[in-house]
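Letters A, B, C and D mark the chains as written, and numbering starts fresh at 1 in each.
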Amino acid sequence: MDDTILKIRGLKTQFFTSKGVVPAVDGVDITVRAGEAVGLVGESGCGKSMTAMSVMQLLQHPGRVVDGEILLKGENLLKKTPRQMCDIRGNEISMIFQEPMTSLNPVYTIGKQVMEAVRQHQNVSKEEAKKIAIDIFKRIGIPEPEKRFYSYPHQLSGGLRQRVMIGMAMVCNPALMICDEPTTALDVTIEAQILYLIKEMQKEKGTAVIMITHNLGVVAESCDYVYVMYAGKIMEEASVFEIFEHPTHPYTYGLLNSIPKTTEVKDHLFTIRGLVPNLLSLPKGCRFCTRCDKAMKICTEYEPDLYDIGDGHKVRCFLANKEVMESGK
Amino acid sequence: MKKLLAILLALAMVFSMAACTSGGGETEPAEPAEGGEGETSAVVYEDGFPENVLRITYQAEPESADPACTTADYILMMNCMDTLVRTETNEAGENVTVPSVADSWEISDDGLTYSFHLRDDVKFHNGEMLTSDDVLYTVDRMLQPDRAAVNTSWMDMIKGAQDMLDGKIDTVEGTGIIINGDYDVDIVLESPYAPFLACLSTPAWSLCNREAGEAADEAGGGPMTSLYGSDPEYFCGSGPFELSEWVLNDHVFLKTNPDYWRGANKMDGILIRIIPDAQTEKMLFDAGQIDIFDMDHALDQIPVYRDDPAYADNINIKTVLGTSYLHINESIEPLQDVRVRKALQLAIDRQTLIDTQYYGAATPAGTFLAPGVPGYDPEIGAIPYDPDQARELLKEAGYEDGFDLEIVQTTDSSQSDIEVNEAIQSYFEAIGVRCTIKQMDSASWYDLRATGGSPMYRTSWTADFNDPDNFLYQMYGSSSNVRRSWNYYNTDAIARLEAARYMTDPEAREAEYAALDKLITRDDAAMIVLWHKQKVRVLQDRVKGFVPMWAGYGDCGYYETYLEN
Amino acid sequence: MVKYIVNRVLVTIPIIIAIILIVFLLLQVLPGNPIQVMMKEKVNQQVIDRVTEQMGLNDPLMIRFGRYLWNMLHGDLGQSYKLKRPVTQLILTAFPNTVKLAISSALVAWIIGIPTGIISAIKKDSLLDRILMGFSLIGISLPVFWAAMLLQYFLGFKLKLLPISGYSTIRHMIMPAIVLGWASSGSIARLTRSSLLGVMKNDYIRTARSKGLVESAVVIRHGLKNSMIPVVTMMAMQFASLLSGAVITESVFGIGGIGQLMVSAISQRDMPLLQSSVIFSTMIIIVGNLVADILYSFLDPKIRTQ
Amino acid sequence: MFGKKKLAAAAVTTNPAPAEGTAWIPADGLEPIHVEESAEAEIAPNQTLWEQFWSIFKHNKVALISLIVIILYIVVCVGAPLFAPYDPLAQDLSQGLAKPSTEHLLGCDKLGRDVLSRMIYGGRISLMIGLFPTLVSMTLGTILGITAGFVGGKVDMIIMRIADICMAFPSLLLAMVVSYTIGPGFLTIFLALSFVNWAGTARVVRSEVLSLREKEYVEAATSIGVKRWKIMLRHILPNCLPTLIVMLTNNIPGNILTESSLSFLGIGAQPPMTSWGLMVYQTKSYLDRNPTITLAPGIAILILVVAFNFLGDAVRDKLDPRLQEQ
């Protein structure tokens, strides 16, 4: 049985700027199964959000998907007309964003904004839509939902606004929910609540989730499977357990090591040296080689493929390619 | 495809205005294709008034129809009211005083008492007969101190007038005005005043109705706020037209008085449209929307019509009974030197300016008195253009290197006035006089002038009544000499001007004025006379019988005018 | 919200009082005697002096100001020196024309400006956008007097499509409305465009799209309402300034409005008329700004719900 | 909206490792190395205002043309004696209202003065009226705006209320009052326009200051004891500069247009000198007979104002962070 909800194959998204073509997403393969929570991890600017926006078909000029396919339940979203995509967005796939402060329209009440999503996809009357909206408010833990229905976004706290966003995303029972850094802008205490809420909603509705984050802690808490992205490409993918136990790619390793741990005492926090490279002038070989502590000469010449090292664990690094590693011995 | 649509949409937007306006034009074929020519009957009037209405324009709201309230806008009085006597131009071209409401009169030998016999068939618009009491009322209401009337100078020679203005008496009845019966009235003067009879024909002497006047004062809350001159309901005259409708800033409509004592006018009325812009006025004339286009404010249009044979029969030219002049303030260095003044007189090429700036619609002037005014002496001749002699005179006076001169010009001056000043400026510079034009707002300038400190300015004087006193005394008389910033030094000439007012022998008086005119304007060169202007009007074909006002004012009575539709 | 409006109104009161005082004092420094102006060339100093005295113009400044204020509080704005009519009557007859002019030009401005701005924003950087923005730019760059004159000449005189002067029928109102409306539509279109472009970059627009709204619904429901906040403010202020008198347009087309009234009053030194019409038009602008602020707060729930 | 083909053509230059075999691996391929980051990867250094200014014109042809037009206007008007074919004041009554010819490219006015020469000289006044009152009023407005925004409290209230009054007062009328009191002329226009314009600038600057005051670096500067006026100068002024430049490019054409209105009311340029506004007004009655002399000054104003507006748009697009592409 194929329970694959979303299958991205060779996705290439590029931005055609005046300075040149920016390959924001450069051949990404991602698979999400029903009810599964998939993490998409990487530093900012690595193409995570662009992958999500490509799936939603919400890329703004001058961005554009130039290659690949995005199959939602086997249907290629890239072949859909704008009109058909409207029926999919918010209904089949929904999305919540990083900034709950600005992601809600300040001039409408939150009730109206949730109702709008309901009425967009379900043929219901205003009253019914309102009932559905209040219902979802209750479920996402908004106190006094009937009263809050008439609140404006600025009257709510950040946590509550993100709850409203989640409610709005879940109100049509989508098959897939993309969460783009849902907790980054929130306090740590609120973060846990929101992640818990997402998890709960996911379980309740059987919705698959793509969790986009730069925070591996969030991944550990909420995901089943992880993709690590760097400069538009998947660098490593594995189950959460595997990633945390056996990080193979030096980048993943670096990310993991930069999380402060209470169990160790260090003088200074580990960081990955350097910055995300300019996508307009990527190094010739491995795109991480300029920052990699384990870089080899070959890394500056050739770009490694994604090598399977078993248990669905794939790594884009020559270190994981036995053939290559052995050739030098 | 999308792109194409977008471009189409853009084009639609750009031309939307043109499209919608032309659409409007097609659905309403209201405007005639012809201008003022040919089938004027095809004109559909945009003002909504009937066809048999004379359409004229006025540049600004007429100030008032009340003779006590305005010294400038006489059009309403001229058409809606009557005076005791009228001035008109006879066939010989002379301006003569003829009977009007006063059928006949006698003047006492001492020149103090004027006995008038009024017609008994003059009816006011409110149905009342015009009687001696209304003459008394007309004088009393003008002199009433709490009315603050502005035309009192036409009546202050009447016996008792000064006392009344000072609040010492309530009426001039028995002193200045003696009622001898319903239709017989005497006017008694304080001292003899030769031009008095001519003076009675000015619109300031328009006769008012006592009953209507008192009602208007009461309705307005007092004499100073009387509604007599502004509200058609309270206005009352005895003239050929009645004030019927007054829409502020848009139009005044005068309807024909069917009971007028000289017989009703054939038109249905006169529509006075308020059109501030002369260019607009021209376009309206061409579109047939107005009947008479007075080109005083649009001189540049003169050749357009005058030189077009199609308009040959439609041009009406009237030489204004007045003179344009450059004023000289003799208290300003070096203008106290008569040689300098004469040099300036000689420096201007009047004929060229008239030809280029006025399109020939003026005649060069030699003296201040205009042709037609008693005392005008055609022998004197125009001032020649002689820059060489002008330079010579300057040299004699010790100003070989010229001097600095300022010409004041008011900000509300017309474009052509400004251009003429600029031309004069360059004529003066040609004889070495460095000349600057200083613009001043008219109110500020009147203030400055009243102190006697105004630099040179250019203006014109038009007769109020046909008498040389109205010219020379108005300028150099003791009360005006400083107020108009002349500061003319010849006290002997001024004394003679005073004396001439009271001369009773017409011939001696005329000779004295001719001598004074020559003395002041030529020998003393107290002013730089320039030209006598012509008023050029173009009329629509349908306008017949139009008679310009005898002195050539813009304001006229239209009683003789009729329309041939 | 109520408190905000009350506050805003209260702040306006001292400004209005200050303006009345300033206008009165400012006009006193003007040289010139209204009676003298009225008499023009017919100079007769005796008459001028006497009438000036009779009209109470020689009274001390404070007495005149006191009298003016006192009468104003009683609803009496005095009588025009020149036109011998109550100032109230003059203002009330001029104002409807100004209102007609303001409304018709505002309608032109809005009907053209807002859609132009929206289309331009949606089609940003396209040829259409450039054409529309060029059209708007010319609108705000035209000298009003020149435009009025040319329009009058070509539409009214040459093509005989519209009446040249006067202000009695709807057809009279078209040309002045185009002249003034085009200029205002230019600024409205430009503001609408930039405001909408700014708003369309907001996160909540992305949210709206992710909900599955079609693009037109996103623009109309989520973009427009937010982007209209500054536009409505501008519209209110523009409208107020139109109501306070468009001197030049009124003069060219012979529309007897507040602007003409003021200009003629100032050159005639017709103080009662001048004072009242200036105060009137100034107050309209202040009230217009007030309305703009209140509209702003009404459109922006952040202020409304405070 | 470019063609699709162009998009698909874009490819990324990487050198993927072959999936199979090891023959491609260089001998020393596995040696550890330390690769330095390439220079391009570094963030571009902060552009100076001048560089920003120039970068506006690199990619915006319309702005470049506008700038050239404006410079051309300024050069021609400043160097009027060099460019004007005739003395703008020299009259030749016989040439009155002459039509355009090779001798007089734009014809002559009623006094026979060359219209082209008068336009070149008249432009000086139009440009001066565009520039100087704008600079003065904006300087005044900036000082008062910064004071109001930074000092706050009563000072703020008083300044802003005065600004309210100034903005509410009909500007043309004010110009008339000033002109009637001190006489018309350049000084009058200068005073009247300055008086009206400062208020708008003050308002904008004040709100800018209010928002900047909350910014971290100003707080930081205050907390380490930097004097207030130094903060104003060092931080607030440069930050207001983009807004001010945009206002400048809006106010200059605004004033040029206002000048034409003032001329209409008789208080603009004083004869025999002229300005474009005055020329339009003075020649209106010749529209029928000699349209060139009416149209030319109007078109001159139109082009200049359009150029200023285009320039203003370009500057705003560049300097306003809200409109910049991310």
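The working rule: contacts are C-beta pairs under 8 Å (C-beta built on N, C-alpha and C of every residue); 3 or more make two chains touch, one makes a residue touch a chain.
All of these numbers come straight from a predicted model, not from anything done at the bench.
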item: Chain with minimal offset from the mean of all protein Cα atoms; value: C
item: Between A-D and B-D, the pair joined by more C-beta contacts; value: A-D
item: Centroid-based (C-alpha) most distant chain relative to subunit A; value: B
item: Whole-Å separation of chain centres (CA-atom averages), subunit B against subunit D; value: 50
item: Centre-to-centre distance between subunit D and subunit A (centres being mean Cα positions), rounded to whole Å; value: 45
item: Between subunit C and subunit A, distance of the C-alpha-averaged centres to the nearest whole Å; value: 53
item: Between subunit D and subunit C, distance of the C-alpha-averaged centres to the nearest whole Å; value: 25
item: In subunit C, residues with contacts to at least two other chains; value: 30-32, 126, 149, 153, 251, 267
item: Interface hub residues of subunit D, defined as touching at least two other chains; value: 1, 176, 180-181, 265, 281, 284, 287-288
item: Set of subunit B residues in contact with two or more other chains; value: 3, 279, 411-412, 441, 443-444
item: All chain pairs that touch each other; value: A-C, A-D, B-C, B-D, C-D
item: Contact footprint of subunit D on subunit A as seen in their complex; value: 14, 16-18, 21, 23, 26, 64, 66-67, 274-275, 277-278, 280-285, 287, 289-292, 294-305, 318, 323-328
item: Subunit D - residues contacting subunit A, complex; value: 2, 6-8, 10, 12-17, 19, 21-22, 24-26, 28-38, 40-41, 43, 59, 325
item: Residues of subunit B defined as touching subunit C within the complex; value: 3, 6-7, 9-11, 13-14, 16-17, 21-22, 24-25, 28, 31-33, 46-48, 60-61, 63-64, 66, 69-72, 145-150, 152-153, 156, 165, 224-226, 229-230, 247-250, 273-277, 279-280, 283-284, 286-287, 289, 411-412, 441-444, 446-448, 450, 459, 461, 464, 474, 479-480, 483-484
item: Contact set on subunit A toward subunit C in their complex; value: 56, 58, 82-83, 85-91, 94-95, 97, 99, 102-108, 113, 116-117, 120-121, 152, 154-155, 165, 168-169
item: Contact footprint of subunit A on subunit C as seen in their complex; value: 202-204, 206-215, 221-222, 225-226, 299-302, 305
